[in-house]
Amino acid sequence: MSDTAIMRGRASYEMVSGDIARVRDFVREFLISAQNLRGWAVSARALDVAQLVASELATNVCKYAPGPCLVDLEADGTTLGIVMWDSGSVLPVASAADPTRVGQHGLELVLMVCKSLEVHQETVGKSLRALIDLADSPDTPLFGPATG
Amino acid sequence: MSDTAIMRGRASYEMVSGDIARVRDFVREFLISAQNLRGWAVSARALDVAQLVASELATNVCKYAPGPCLVDLEADGTTLGIVMWDSGSVLPVASAADPTRVGQHGLELVLMVCKSLEVHQETVGKSLRALIDLADSPDTPLFGPATG
Amino acid sequence: MTTPESRGDRSGPLPVITPCGEFDLESLPPLKAQIDAAVAAHGGVVVDAAGITFADSSFLGLLLATHQAADLRIAAPSATLGRLLSVVGADAVLRIHPGVQDALAAS
Amino acid sequence: MTTPESRGDRSGPLPVITPCGEFDLESLPPLKAQIDAAVAAHGGVVVDAAGITFADSSFLGLLLATHQAADLRIAAPSATLGRLLSVVGADAVLRIHPGVQDALAAS
């Protein structure tokens, strides 16, 4: 696929009140433009999942790395990449899932609905990159069948 | 950088007794070949880190996803990628680091010494990809100064 | 048809809360306060969830915590919420009903 | 020069264990048994760590658990082990000595 077929977007936030919702709006509008301008198929599930992932990652910036946050979106006809950079140097750490915990399980959820999740150390801070399927497909088994 | 400048290696394991050490040997020998055949600079730290990451990922396959395991190595002159595929569909899940835990903290350690860590869902099982700097550089702050 | 009044095991029908819009970490506190108040007064609550256009793990945490402590009944979840609940398997744990009347009538 | 015998606070010098080679989940059990036996008999142990050519988080877990329960002294860690301990900040927690004699003489 040639690079001209890639659609990109970027936005920055200070993660003040209301910004979690603004990050979701940014992602939703990006996907709707992708559908309208490029004619790409974006399933209802993908629209849901993209906003969910954006919301979880932005929530974690609020909770664990308050301060500036940069969101990069990158789509081809098949997948959407959401890259969220924050200034915190602490990396989200993997440890055993605790099914008895009532807590938020934010990244657990992200892992379940994404094709991949990447953690990158940056010169300042870190970035997380989540990859989402735009269309429903047999390759996206863990979200289960769409119910609506 | 052209693709011919990339060096690749692949090995598969059943994760039987001794295989964790064999995965380390495979990675070490790959890096030593890279140094000898390509003249790439591989620091003592990088040799350590690569084996440490390989050992941690292989240990987790033994503990959490017993069965076949595929190791792909990919180096250019600057970084080494270690991709480890296993057949388990459960993904390593991120949750809060607990500094009071005496436990192994394997992936926490991997995150600390790598430039990036990726978790990919595959059609069967999953893969983890860790990226390591071959040379010591100011971009690799979290391992601290080499002591030997 | 079963009406709330026909349930014999409570002094009155459970209160019904009808949250609308998007629920995340920031927008959650007023809803949480409403749910907590209903639970404190009646031991349970029906959440009419048809108008929930977005929810994430913060909202999910509130549902699971409420369910552990009280009689939480979710009615008519929107497609979006239904998907969220099924991803994490919460649809097998929580009590979900097709409509508010079913939720009220359930025992 | 301080010799083990000059330490007055113990009935005898701590035992010294000299593990050599690579230590991971699989190769750890014999070393763990040796350390546990030394700790059971003497309340502590000196690990002469110069010959450790590789160690990972499984080994680190053994050191940290031993340190919490007993008088663990690490002597002359190899460069590789030194790097591992410093990454996780274990060098600030564990008792590390330049050589076996220093470790034995320490109080």
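Order as written gives the chain letters A, B, C and D; numbering starts at 1 within each chain.
Throughout what follows, contacts are C-beta pairs under 8 Å (C-beta built on N, C-alpha and C of every residue); 3 or more make two chains touch, one makes a residue touch a chain.
Note that the coordinates shown come from a computational prediction; the quantities given were computed from them, not determined experimentally.
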Relative to chain A, chain with the most remote C-alpha centre: D
Separation of chain A from chain D, taking each centre as the mean of its C-alpha atoms, in whole Å: 45
Euclidean distance of C-alpha centroids - chain A vs chain C, Å: 27
Where chain A and chain B are represented by their mean Cα positions, the distance between them in whole Å: 25
For chain C paired with chain D, centre-to-centre distance based on mean C-alpha positions, whole Å: 56
Residues within chain B bordering two or more other chains: 105, 108, 112, 142
Every chain pair meeting the contact rule: A-B, A-C, B-D
Residue ranges of chain A touching chain C (in the complex, touch as defined): 17-18, 20-21, 24, 44-45, 48, 51-52, 55-56, 59, 62-63, 102-106, 108-109, 112-113, 142-144, 146-148
Contacting residues of chain A [partner chain B, same complex]: 90-98, 105, 107-108, 111-112, 114-121, 123, 129, 139, 142
Complex contact set, residues of chain C against chain A: 22, 24-27, 54, 56-58, 60-61, 64-65, 68, 78-80, 82-84, 86-88
